[in-house]
Amino acid sequence: MGIVLGDNQYGKAETRVVWVIRDGPRHDLRDLNVSISLTGDLAATHLTGDNAQVLPTDSQKNTVYAFAKRHGVDQIEDFGLLLARHFVTSQPSITRARVDIEQYAWQRLGPHSFQRAGAEVRTASVTVDGDATRVVSGLTGLVLLNSTDSEFAGFVRDPYTTLPEAHDRILATAVDARWRHAGPVGAGPAADGTGGWADSHNRVRAALVAGFVETYSRSLQQTLYAMGERVLRECAGIVEIRLSLPNKHHLLVDLTPFGLDNPGEVFVATDRPYGLIEGMVRRDDAPTAKGAS
Amino acid sequence: MGIVLGDNQYGKAETRVVWVIRDGPRHDLRDLNVSISLTGDLAATHLTGDNAQVLPTDSQKNTVYAFAKRHGVDQIEDFGLLLARHFVTSQPSITRARVDIEQYAWQRLGPHSFQRAGAEVRTASVTVDGDATRVVSGLTGLVLLNSTDSEFAGFVRDPYTTLPEAHDRILATAVDARWRHAGPVGAGPAADGTGGWADSHNRVRAALVAGFVETYSRSLQQTLYAMGERVLRECAGIVEIRLSLPNKHHLLVDLTPFGLDNPGEVFVATDRPYGLIEGMVRRDDAPTAKGAS
Amino acid sequence: MGIVLGDNQYGKAETRVVWVIRDGPRHDLRDLNVSISLTGDLAATHLTGDNAQVLPTDSQKNTVYAFAKRHGVDQIEDFGLLLARHFVTSQPSITRARVDIEQYAWQRLGPHSFQRAGAEVRTASVTVDGDATRVVSGLTGLVLLNSTDSEFAGFVRDPYTTLPEAHDRILATAVDARWRHAGPVGAGPAADGTGGWADSHNRVRAALVAGFVETYSRSLQQTLYAMGERVLRECAGIVEIRLSLPNKHHLLVDLTPFGLDNPGEVFVATDRPYGLIEGMVRRDDAPTAKGAS
Amino acid sequence: MGIVLGDNQYGKAETRVVWVIRDGPRHDLRDLNVSISLTGDLAATHLTGDNAQVLPTDSQKNTVYAFAKRHGVDQIEDFGLLLARHFVTSQPSITRARVDIEQYAWQRLGPHSFQRAGAEVRTASVTVDGDATRVVSGLTGLVLLNSTDSEFAGFVRDPYTTLPEAHDRILATAVDARWRHAGPVGAGPAADGTGGWADSHNRVRAALVAGFVETYSRSLQQTLYAMGERVLRECAGIVEIRLSLPNKHHLLVDLTPFGLDNPGEVFVATDRPYGLIEGMVRRDDAPTAKGAS
């Protein structure tokens, strides 16, 4: 019985790069947080401290900056692909590279002036593993609330159940979504042939929001499925979507001690604990992808 | 030489209340974080644990909920005034009440559907001290960036100065602003007679943004003064504004080791350290207000 | 081609429970954060909003409280097992339960007085999946630093490499470790027959710390492996350990502009970006465990 | 009626410096977060962008690093005094400098190995204003809990009071304390002549803890006063202490629906809202200090 090195990876996390496009009086900008993780023949550094196969994480950071200048940043999926392919092709010891990118949105105020646009973040996770390429697009921090058309009833009542049925409640969540694209991914338009990554992102986002807004909800699970199903129905290029939806509970306050009724008006917004509803919706003919989460 | 109790205050902090206005098919909502702090004849509880003058912080929390139902929440300045006056007038031992309110913005998606609108927060600090009333309105979390029209040069060079002059840099900050209103504050329109607290807030905010966007900046101090000066110039009802502006440094990356120039394109967004520029702009005939910060 | 529900789970996250043991004048306490995630036949609620198979997350929270009273909390691994088995055995629709527990440490100050003991957190992840049971113990937030005996040299130099070799540097990390136990897990002493979960935890922790302190480090990967290898060598009951080690960079400040040398004395502690080194060390005869991360 | 610049200040915030003392095989270290704020004749930069009186915040950061090397860091109060005096004496336009320092504790593991010791932070705020010097020492993040010997009863019952009296409750808080020293402050031993800043800090901290642990509490206010009074009684060199104590509520869970009693055993640890109790305890012959908070 021996002791051995198992799965391992390393890289530079959270390189914050801002790229300003200044090819005219009207600037634009991209604001990214890039995390890189490399896998390969890395036993030597673990076992003996021999770093002959180790590209410093500092060099990975420099690569992010240099690629932003050399190639620009249009869509984060493409920028992630460029970076991931670079590490796998240029480093003999590296067989797999994963690049996770967060993009922070800015709203234009003027030719060279911008305002940070909220807490919503667009994401991409790109993995190049030998010849295989996977792109998972996503978003986080999209906080949605319906003030009615939500109930929760007919549930299991076990000996620890005290929750009353709710026939009109607030439903609120912070959407964390990640979706896989169909077919081979190219640097051009999106896999569904419509308009590339940005258009794909916008259409998925719109379907998620519409699914939340337009669903009369009997459970957050039902809303989750409705959101995911709508994305797949409306976006032909998407084969699978994973949703993680915290149930941000808003509890109705009992105002009867103060001689007041409270017909769905005054709520406490709670922090913890919270429900957490997680699920995947997919096409039944889509190949499952390991590691695409 | 004895040991005595000095200044003291107590209250319930961070009561999170959401009020849904559902008087028709089209709902609206207010999402607040309310903190209360009371001052008065509170020596007994400190010295002997006699709580006969102590209104529990739990009761203060209940008051926030009950007042949301009973009076509704239109403008946070008015809601703060209602609460602060309530504690001073109903509690014989309390001479001073301060109510701090944060309001989180939601953007409408449908008749009863909403999306959290970013990290920007509207604030109000209301103090009722005997007969005196002070209202300080504000905002935090407004992140602004100019990608050019900012320089920093001609500064002091002491033995510890290595900073090169910058003739074209990114200027970015997260605005934290608090402003005082002229004259006696009423529950109706704002002190400047135009349109109440909401209108006043919108006009101050617009002046802050315009001051940031339209100023060619030789220092963040200059931008700060321009923002404050513009608020006072455009909003007659405001007599004083305090601004706290972190200089969110974006450092130009040296790409020459990689054979690349970098004419203001690729930047590192840094977290710490950061410059912090704080200043007040006021009318020269405005009475100074202690404790209005 | 149809659209179908894929993997899904739900539960109550972050139930904060404090249990005070007061069977005499000398109290003790357990301070836990419990997250539950249930999997099973949950299609109906997703597809139609029929909640007849859904145990409310509120009931799960209540179960945590009631079990703390009924069974007490000695070791978090055992408490997790109790909870996970309860949901799988009492809920016909639930086939798999995962319970993640964080335990916050308190240091005794008196018979009934305590001080929170730092940011280090003990963790347990317990999964009951039909008849199979998995326990993964762990810790997070253990921040370690060596001020010497660390170097980083002999690494790959690609066109984006500017990092100088470091022959004497600070090595600092925040240990995040998770380890699997050998054999069938019982409620009594730990699988290695020595002294139960607490003893096992203490010995793993000591091995991790000793591995960090006593390794002359040529890379954080080498230190990672030394830490894991030491755990497996010294703790017979552990078959696998996963370590996630951020490289909390401390950069030597260039003081030459000020006429000062800096032989490893003055450093900047940086926040981002950071290296992230992740790896597993295991016994070569240990069965791999899916989902044990 | 004109618009004028009011109070203003600027500086570099959160410079993170680690100083390693390596004058032998047994190293030691200081881990600081230094924030500087300068006041003086700074109208020009605000009004016209003329920076001829502005020492860059980057230079302030460099000064922190260079002073750490040149003077070392023994006690943070002394390091703050060195820095504050430097800016006031070397910069003709600067009349007032405030230096706030946080010190993070590390526990020794070996000759050059350390472990971060919890969330407690030692603080110093040093202000040099012309010839006047003020030093305020402090600590934050000291989390304390008594599992009994705390009650809250006999309080005001207004129409919004529903809180039952508690005759045996958990009392928990996170101590934030700041204290002023008597007499002129020198670089040597502390003002009370005993053993310098470190000894003073240790004795104040011990008195705070003892005051919390040994007080039978009828209100957190009573505990606050007991803690402050004990500091002044036991530490002759301290003239005033300010305490800010959040009441970290632990609510007793109602287990009767599950057929269980709960005699002070199972509690929910809540996040928000929380009580906030703030007060000062001082010697009656101490001069009050403006701006010493």
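Going by the order they are written in, the chains are A, B, C and D; count residues from 1 in each one.
The rule we apply is simple: a contact is a pair of C-beta atoms (placed from the backbone, for glycine too) under 8 Å apart; a residue touches a chain by one contact, two chains touch by 3 or more.
None of the values given here were measured: they were computed from a predicted structure.
Visitor: Which neighbours does chain A have in common with chain D?
Guide: Output, common partners of chain A and chain D: B, C.
Visitor: What's the chain with its C-alpha centre farthest out from chain B?
Guide: For chain B, the chain whose C-alpha mean is farthest off is C.
Visitor: B-C or A-B: which has the larger count of contacting C-beta pairs?
Guide: Output for the comparison: A-B.
Visitor: How many angstrom lie between the centres of chain B and chain D, each centre taken as the mean Cα position?
Guide: 24
Visitor: How many angstrom lie between the centres of chain B and chain C, each centre taken as the mean Cα position?
Guide: Averaging C-alpha atoms per chain gives centres 39 Å apart.
Visitor: Measuring from the mean C-alpha position of chain A to the mean C-alpha position of chain B, what distance in angstrom results?
Guide: Between these chains, centre-to-centre, one finds 31 Å.
Visitor: Can you tell me which residues of chain B touch two or more of the remaining chains?
Guide: Within chain B, residues 16, 62, 66, 160, 162, 257-258, 271-272 contact more than one other chain.
Visitor: Would you pull the chain B residues touching chain C in the complex into a rising list?
Guide: 159-160, 162, 257-258, 271-272
Visitor: Using the touch definition from the top, list the residues of chain C that touch chain A in their complex.
Guide: Checking each residue of chain C against chain A gives 1-16, 35, 37, 42, 45-63, 66, 90-91, 93, 152-158, 160-163, 217-219, 221-222, 224-225, 229, 232-233, 240, 242, 246-247, 272-285.
Visitor: Considering the complex alone, what residue numbers of chain B touch chain A?
Guide: For this pair, the touching residues of chain B are 16-22, 27, 29, 31, 62, 65-66, 68-70, 106, 109-110, 112-119, 142-149, 170, 209, 212-214, 250, 253, 255, 257-258, 260, 262-271.
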